[in-house]
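As structure tokens, here come the structures.
Next, two complexes with subunit A in common: one pairs it with subunit B, the other with subunit C.
Entry: the complex of A and B
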């Protein structure tokens, strides 16, 4: 009888274990997003400059359910950055994205593991930066003037290279989120997109030019 | 051990528990399958309702655009000469009223040259444009062209809506193509109402499968996103569930009336299922609990069933081993209780019968003993008394007195206050009295001697055990002898038992005679006491067991020795 009871107890334990495992399994399939945060620092009073980057950052945050801690800075010292890094670490932020730090920071040596600087000129100042690689041809940034596009489309002008700041913003966010499982960030060097007659006639990049 | 494994006590609960577990698992799997099917159906229906709503809204918008184009054609172009000032006023008014939907209105002749245009239209030759050619080919229907950026502001998208018209030019009716540049913003507004996340979104494609609207257009233009559901959507008639990047996606397509456009709604199945998951979890837990409760009930039922059976089995085993007082507890369910009760009734009856049998046996033994003891031949008494009388007549008063004394002792010990067992000393005294009587009767024909270990005198012996052996020695051993006989009684201990030898130096006995004495109901003769050797042997064996009793060894012309073997038993022992 004791042996029989033991068997029943084992069976009941197995069923209870099955219940627990099922619940855990179902919970693991919970798509409710965890609290993911990234701090973004923009230059104050430079809205036109940051518009496309900002859109890219916002779209990535929307797509991946990331909460952005937004800061607008006119100036930012090394100590301010230290404080921000410390605060964001406490907030369990995945990293900090500095957008065009040249607009509010002085050149120097800012060595942080989870800080990515989206910059045109301050790459040497940061351990990790996001910028466009240099091309020999003409480059433009969004928004692009219609007449320029028309000239290219009509064959009156050579192709140009578009520095897609929307994409740079998006990729920068992707880099910070992706580094959660890695030990460190890495640099982003985005190649500008070639805009020629064929691309314009095809209309595949039309949405980039849409105001 | 093997039988125990096959016990009903183990097999039935295990089989039942396994069955319950199998039922629960099967039910869960079935439930999961049915629920998944239900979720899928529910999700499809939900998406179907959403896509129908979007389709209706877009069709309504298309219809209103068609109405606008037809109104311009039938109410204005067909009515007024294109040079008419009133016409121009009306067209400007029309454009002004519909400025949120229309960028420009233009009329081209069949060579593609502009007749007139209002708004931001360009005065260029359009005969090569697809919208122009389509309208030229299909004169009865309104044609919707490709979406393009508004020029030169790039402030949004417009769509070329064209139709074949007949216009009045200086009083002459001429064929031409009407072009309306329609802002796609109203359509985009309709589609933006849908939750446009990566897990749930919708897009709109024209007849050539170019995107009219896609929520991730900017990402696609930047190479950050690629729409992977187009081919699956176009292949399906209604909806399809497709695995893309290890995730299930519900893709549903619906065609927009009149235009041939396709609206596609894409939903992650995981995203849809999440709403119903909690209910699913609750059902799982309830079913598992039911399973656990059923197994516990199963244990309880089998315990109630098997425990009384096993207790009854134990009781029966005890009863079988000889514990006749044991009884089964009358407990259990229904018939099991009756089983115990009936066993108890049976045991009571059996015990009663056995008690009766034992009582009868005891009575029988007592009767037998009484019978054996009562076999004292009255002739012995008559002859002895005759001898006494004769001795008195012969004036042998001393001998007569001794004989009376011995006879008195003989009978006193024979009676022994009704006791069956008497001390060995008394028995020897009884034997000596007998020998004295017989010696007087036979005129000192034999001598007798007693050699006894005095330490053994306290031990008990069945009454009148030695006397029959003496009787045999006298009547079978001494009879016919011319010389004086000799009888020796020896009492000694051997192997922890008491041995009493009665030896004579008589003629001895043949094997046949020995056999006869030991196994037949022999009463030695009318002259003896009447108690046969066999009776004494049986009495000893009845009292002490088969290993005790009498053995006789005899040699012709040498003599006979009869030996009684009894255990050492003191008076305090139970002898009854």
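Entry: the complex of A and C
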């Protein structure tokens, strides 16, 4: 009789423990779903350089209900990045997006599963990076000078290739959010858009140039 | 008996696993580890705002609170539509505080209503708004400068130089002070107040207006519009009064590029470049809007709001401007 009572008590305790674990797990999952969070690091005092990328990041965050932890850095060492990764993990961030780390980090080997570097020159330093694929012809970035477009439209100038930094920012956020339950990210290589007379006459890229 | 002992050990192990799992699940905090602040700026190409925001950033980074402060700067580049979009994003970011420098101060009511709905306290700065808008929510403060006073100081400076150097200043010897007024954005509160302050404090002077230009606080536009003035007017200009330093520097560019003798130029803000030109004797003077005081006030107000004492500071605060000459 005594043995049976002890068995029952232990069973009840275990069931309660399991219930607590389940509730905590569910609460944690709900919180993570409701508070999707991505950390973004920008170079300090480089607002003009980051403007279009930032708009892409903000639009993605707005469209997908993502909270952003934003940091501006003048310099960031390997240790600083370690600390940031640790702190952001505690804050339930899905990942960290380093925007133009060449402005605040030295070249090196930074191997992290959930860190994506949006960069022009530091692709080899990171496991995962977002950048434009190289083209041999003239490439420009947003915002594009209106006079330049007019020259192309009037046939006075050869086509240009446009590196859409807005899209790169947007895609980088998409990559981090998409990999929340996966062990690693992937690289992003965007091909610059060709802007020629035909494209401008059709107006298919018009939205890119609206200020 | 032996069977039950074994069973107990299994159950005990199960219990420990459960407890470990609980600890592991609970290890990631469910509370945001940071304080989040959004900063909306009307235009970082405005040199005054650029310096202002750099100073503000440095001061925010110095704040020591239990939680780290994560802040984001949104530059509207002088475009009201762009700022509205940035503000829409900001309302969804669960900010603990928003610092807003409006492109269009007439949008203040809409911004404050949205912030109220999102329960975000707001500190408006640098772009003066209508007093009635500040009544929309308790959690709003305005930090700026006394625009009218800045205009009045320009008037005082002009008085001083006219009284001291009347003969050399009145180049065409018509007994009048021929001047051009370069204003900021039309209908902008600061434009209206600065101009009004200047005009009211210069009533005693024999002023002769050669032209009034509106250059939207912008150096290149001031240069362009000034160069479009009638040649005779430019030749006779003895003083140029500008609503800010950037526009004053635009006028300076016009004269220096043509190697013409500079008239008396007065600006407002005491930007670094303006200050250097004043100290080198090329430009007569400007009005310092006391940027440091404004930044410190924002920081104090922000800290108080974040610490849960929102009523500690007055809703409206103006820094006291002062004149800067060589």
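Quick note on the criterion: the second predicted complex is superposed on the first by the 178 of 211 C-alpha atoms of A that agree within 3 Å, B and C clash if a C-alpha of one lies under 4 Å from a C-alpha of the other, contacts with A are read in each partner's own complex, and residues count from 1 in each chain.
Note that in this section contacts are C-beta pairs under 8 Å (C-beta built on N, C-alpha and C of every residue); 3 or more make two chains touch, one makes a residue touch a chain.
The shown structure was predicted, so the numbers you read here are calculated from the model rather than taken from an experiment.
Visitor: Using the superposition on chain A described above, determine whether A:92 touches subunit B (first), subunit C (second), both, or neither.
Guide: second
Visitor: Let me test your reading of the model: by the given contact rule, A:146 touches which partner, first (subunit B), second (subunit C), both or neither?
Guide: After superposition on chain A, A:146 lies in contact with subunit B alone.
Visitor: Taking the superposition as given, does A:180 touch the first partner, subunit B, the second, subunit C, both, or neither?
Guide: Neither subunit B nor subunit C is touched by A:180.
Visitor: Going by the contact rule set out at the top, does A:203 touch subunit B (first), subunit C (second), both, or neither?
Guide: A:203 sits against subunit B, while subunit C stays out of touch.
Visitor: Of the partners subunit B and subunit C, which touch A:61 in the superposed model: first, second, both, neither?
Guide: A:61 sits against subunit C, while subunit B stays out of touch.
Visitor: Between subunit B (first) and subunit C (second), which does A:12 come into contact with in this model arrangement: first, second, both, or neither?
Guide: After superposition on chain A, A:12 lies in contact with subunit B alone.
Visitor: Contact-wise, after the overlay, does A:167 reach subunit B, subunit C, both or neither (first, second, both, neither)?
Guide: The answer is first: A:167 touches subunit B but not subunit C.
Visitor: Following superposition on chain A, which residues of subunit A contact subunit B and also contact subunit C?
Guide: Correct list for subunit A: 3, 7, 11, 14, 18, 31, 59, 62, 211.
Visitor: So in the complex, which bits of subunit A are touching subunit C?
Guide: Subunit A residues touching subunit C: 3, 6-7, 10-11, 13-14, 17-18, 20-21, 24-25, 27-28, 31, 35, 44-45, 47-48, 51, 54, 58-59, 61-62, 65, 67-72, 87, 89-92, 211.
Visitor: Could you pull out which subunit A residues touch subunit B in their complex?
Guide: Against subunit B, the touching part of subunit A is residues 1, 3-5, 7-8, 11-12, 14-16, 18-19, 22-23, 26, 29-32, 55-56, 59, 62-63, 143, 146-147, 149-150, 164, 166-167, 170-171, 193, 203-211.
Visitor: Show which residues of subunit C lie in contact with subunit A when the two form their complex.
Guide: Those in contact with subunit A are residues 4, 7-8, 11, 14-15, 18-19, 21-22, 25-26, 28-30, 32-34, 36, 44, 54, 57, 68, 70-75, 77, 79, 82, 86, 88-89, 92-94.
Visitor: Mind pulling up the subunit B residues that touch subunit A in the complex?
Guide: Interface residues on the subunit B side: 9-10, 13-14, 17, 21, 24, 146, 148-149, 151-157, 197-199, 210, 217-224, 270-271, 274, 277, 280-281, 284-285, 288-289, 291-292, 295-296, 298-299, 302-303, 306-307, 310.
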